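Input: a single structure, listed below in structure tokens.
Note that the chains are named A, B, C, D, E and F in the order they appear, and that numbering of residues resets to 1 at the start of each chain.
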């Protein structure tokens, strides 16, 4: 269960309203890698986990923090919107090009739909959706997804940091950057610890009997493009990180079979087929009969 | 540019049709971590890349291979659907519980919409969408996303492998498992090589001036849940993988501020406010005047 | 069946084109609470209704009117777009900040996709979708949804009214405001009449045997936050509107149980588990065998 | 900020696994009116609120409880999935029609994607999305939306209650039914209290100057269908609930204007137009010239 | 404006309920090519049209008919759902494999969400969406889209016809098939009439100055695959249907340029770049300073 | 399988960056009728085809070309974004109205999410989705869909051509216009050839026994609107293009039946019904008992 306290981890008040930046900040609230995503992702990973103890605690512990980040961003956005344009454009612009850019670039639903409030959407107004999250039950895969989410998230916050001069906003962003640094470090550490604990290792999923995969092609780099530098990387020769093989390099595929012939499904699905039963002729006759 | 050859990397023909498994196989064709996702993801990362040479070659080389995997799965699904139910249910079921499960569990759009053909959707019929992919321009973040995609993808293929007895299907899946093993290994190797080459390091993005983040909280594990095992992990003490700090453990937040007061946006947005201007009273009077 | 007449309930012609306002107006055409939503919502409620007579008539009667509102807004938007920017930006802007805001803020699909026409989308260009509507078969629930839809709709129209100086647009909006006033009143009246007629009452659904719900907690306000004012409301003490109880106030939950242990699903789903069968060790051995 | 405690408000453990019911239960977790919706809806209403005190406290207090309901349902679903079909269909069905229905009716992504875990989707596998929530800033509108959400939610839980025999599931549902009863009562009470407090009244938004709406049609029931019973309701005559008028009944519209003429947008958008400039002739000539 | 009459064009009552077929029938109600699509498509084309008279009349005349088809299908589906499974699965199945298939294959939201009612979704439960429709303002393009919609629609109805034995359902479908026949014929005729009337011709849009397109490649069939039969078609040699050229056949592209070099965007977007400014080194130093 | 070559069919480099045009160009990359759509559409039609030879070759041959068009547009967009606004708005605008329009009108996700890269979205930022494509298995229907896609696509490119002065962009667009001309011509030719080859004819699907459709209404134009010009078209009289009938004109429907009575589903779905079993009374009594 979750308990709410009417406090924030960090101040979340801008120096002054800025409706255009409010729109941009929606990305890290309701975007693909926004705070709603990580809050929900860690929650579902915890609720679905199959081992008790430290890993599940970690998911719960960070997940609840992220719900608080959702809140800080929503509250920040609401304040950035306090002067959101609610009037006729000409009056709002006041012959000022900078204002024009702001007016032109705002999320108009902030005013029309939310009455100057934050929304569960990204910076282009796309609603947040459940398909942003990852929770597979396999913790090595999922902690890698988590590390990625914190990387993408910190990258976006860093970009946003340079798009504003507002010291209040920058202060909140500098806090979020630090927390993303922490969480990147944590998920990478946790992924390693799974291996130390003998729970998971590469390739994911390691418990699938590896002799059932077609081992001939397990470490072949098949280059389907014509790039000359392709074989220079350590992914084209040398040992593989899963410890089980050596990379080899190949121009194009090492195997090939002809395409199977086209399918012949049930004729009552009326696909275009070679017409072995003369259905078309029958259809024509039927039409003639029908129209006589 | 892309050139197509009417061959496949591996045979993609089932022993016999199986409309229910065709539906399940849609997941690794058109799902969040299906082949369309990786083909598009590597493509966009390549087209948007900022450095020439081996990394871009790698993206192009694997991306084009994945388009061929899209094709193998689509062709396999079309063949699995050759006996897709196109008739009245009672006749299709023939009093057989196993057939009943199959009929009940098929993707009905396979027959109604595609005439026994593959579709760009997942195993629940959700259309593939562009928001599944990740291409941020930062290769350390993106290669981590790629490693995750190959892990999730191989995990799903492994699960599907156990859900069928069809040797033709199993053969294709064993090939895809091997290729996913390769690609997991490659993206992990490539992520490391970025650091070796002095291009990227943790935390992402490393070129953001780190002294601008709030360093006090960069390595604090703030546990917002009450799990007792939370501090046992190597994410709660010891050195951090970015090499810049030491993890510390804390029950709950180490900082807190009161919530800012509620916002006061433009009154013509008609939000519920303390009504300092007596707008409600004015509205009531106006109504009275209007109805007299 | 529906019959169309090439007339409108009210004039729907602007004084002059305004491509930015055209975008904003899309909200009440194709947004979550736009006219397509109410037209479809009342239609589906009528088609699915289980009682003949006045309630179904009401749904049909208003539903068809709303289709006409869809039409008025589409036609208004098409006219607002008659000067939609179809040329190079610099020429379009003409060094005028107000024009710059307009150009910057338009829905570019209005020109590129629709050739200066209305679209079935909201003011951020999100397509209208079937999941906006509500039709549950329970009329007390659905009429409450309808009342809400008319409230949200009138609120948005009122906001838009202040964002334009165009007397033609304002005239149409003043008409829509009046119709939304009517429909708010009608759905509230209809919801009450369901109770008068002995068809429905609180709580929805009233025909569910209420002794099967856990009555101990049916009227407890469990405050999971720490707000001091929480108990001042009439929702924290006194009689409940369903007539069956008394509100009581509680800080936090009145009941609590430990979490159940983590789940142990089928091992072939390859979730991370305590590994009782030593699967990981077996996998390691298999790999060793395979690579020798 | 939010704090998590590893306890539940109510036991959430089924008697035995049931993968088909797990799918059904997704509706009240991740559907249009599931627990994610209300948790997020009350959160955004609170974060965007413009008045401090009891109303905001109420939103925070219930919102955090709903996050706990999300958790209980996710944990219940994970347990219902402990025997989720992970094997070949024929073996899973075991010649049993009831098992066949279950196998045919499960959400296959539960196994393939989540490894027998809950997902942020509805009972048809549609991902939860931000456009399910409502937070307009106007509390009378929003509390009506909340009352509707609790009605639809309780209706769905009641339907689900009859679709299972599992006493563990039924026990959780009976708890949720009681909480929905409470919340229906609370939002209805809170909506009334807004009026008592002089903050809001009908029609929403009441602070919009009502004489600016076209008052002639504010209380006319315009019946655009031909139902004979349409005028029997109290929505066709008598006083209106907003206290400002009297309903009147009319067959069809009381006003009508001709449609405006078709629009004439920029010719470089290449819409089909009467061709006054003879563009088509010019185009034909240009082609002739080009191909000679 | 639209007027509703409580009659149907054709009887829409099944012999008996069939919840599985109800799900399938959703495709032609709320699918990509269902009746909601054509009703909305013709509506938006009419509202956005730029020429008065017969073409707009045609759009209005058919569009309103299609709204009536939406109604017939919704009412049919509601009746097919009268025995929709509302009870525990075992009781519903009654040890009958055919019933098991039906129970397993139903749309569970029909019961849980709509209480045995039709929904604005397709046969997999995906909500109808505005992006299904086409209305570009160019009538030759749009009438071709309409012809396609009627073809896809009739194809789906024909497939459904064979999936049921219910004479009531078949009777409605035979009516819809006939109307789709009519509408296919009408849109093809209307597309031709645009040319007869001198309004539009191939290629769309014909008013774009054709000498501005790169005429060298306007009629070259560039075969990017290796199919041997590719040049046999009349699309590889002979006159083109637009009357302006001759098809020619080519293996692969007739032109090629090297890829442009990778881009160098603003460094504060933190993309992976060759690091000319030594930003990484600076970042490392900053970190060292910060941690000392 | 697909092979990639690091070349382009045509130069794809702008004279100079233009972030606003980059956004607009997204439409023909990732929009409903963008290049991703046609590449995927032709791919799925080929993979699902039921006849070998020239038609399938055609699909493969053009499909692979379109993947190359995806690439050219992505690369062009990345270059247009090289100066994408990455800084604070005031600095970016520099008091210049034209810059203000550009800044206001850009896709902010281009910078925040993609770091100045192309994205798989349309010009309003909506992600590309699988439901844009059409692949029914019936080639006459599908080639008509393809002709439409090329018409809509060329129309959009033509509109974009006039929205820029950049000679590099215009050059690429002139190439795409020519290819769309070719592809319009090819699909129209291929649709005709299906008839010549005796594979398909009107109405689609022709193999459905036409005497099973309700032939009385197969050629009746039922005008559900009141347009006076409706009967002037050649769709209202004269022979039909399928060769099987004569158009006739009718004001409104030629058939009509009363609506069926409302449905009576399972009472445990708690829909609002006439309450024959007195369930409401029982519920009231139960409540009384429960609260005593």
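Everything that follows uses one rule, which is that a residue touches a chain if its C-beta (ideal position, glycine included) is under 8 Å from a C-beta of that chain, and two chains touch if they have at least 3 such contacts.
These numbers come from a predicted model, not from an experiment.
Chains that count as touching both chain B and chain E, per the definition above, are A, C, D, F.
In a homomeric contact, the two copies may use the same or different surfaces; for chain A and chain F, under half of the interface residue numbers are shared, pointing to different surfaces. Taking each chain's centre as the average of its CA atoms, chain B and chain C sit 27 Å apart.
Centroids built from CA atoms put chain B at 6 Å from chain A. Annotation: 25 Å between the Cα-based centres of chain A and chain C.
Along chain A, residues 1-9, 32, 48, 52, 55-56, 60-61, 63-65, 68, 75, 78, 86-87, 97, 100-101, 103-105, 111, 113, 115-117, 121, 124-127, 129, 131, 136-138, 140, 155, 158-159, 162, 205, 208, 210, 215, 224-225, 227, 245, 253, 256, 263-265, 268-271 each make contact with two or more other chains.
Every residue of chain B that touches chain A in the complex is listed here, in rising order: 6-13, 32, 52-58, 60-65, 68, 75, 78-79, 81-84, 86-87, 111, 115-117, 126, 129, 131-132, 134, 136, 138, 140-141, 144-145, 147-148, 151-152, 154-155, 158, 161, 171, 174-175, 177-182, 184-186, 188-190, 192-193, 196, 202-205, 208, 210, 212-225, 227-230, 232-235, 240-242, 245, 247, 253, 255-260, 263-266, 268-271. Per the touch definition, chain C reaches chain A in the complex via residues 20-21, 23-24, 27, 31-32, 97-98, 100-105, 122-126, 155-156, 159-160, 162-165, 224-227, 252-253, 256, 261-265, 267, 269-275, 279-281, 283-284, 286-287, 289-291.
Only residues 155, 158-159, 162, 268-270 of chain D touch chain F when the two sit together in their complex. The touching residues of chain C, counted against chain F in their complex, run 1-6, 48-52, 55-56, 85-90, 92-93, 95-97, 99-101, 103-109, 111-113, 115, 121, 124-127, 136-140, 194, 198-201, 205-211, 215, 244-245.
By the touch criterion stated above, chain C contacts chain E in their complex at residues 1-9, 30, 36, 40, 43-44, 47-48, 60-61, 63-65, 67-68, 70-71, 74-75, 78, 113-121, 127-131, 133, 135-138.
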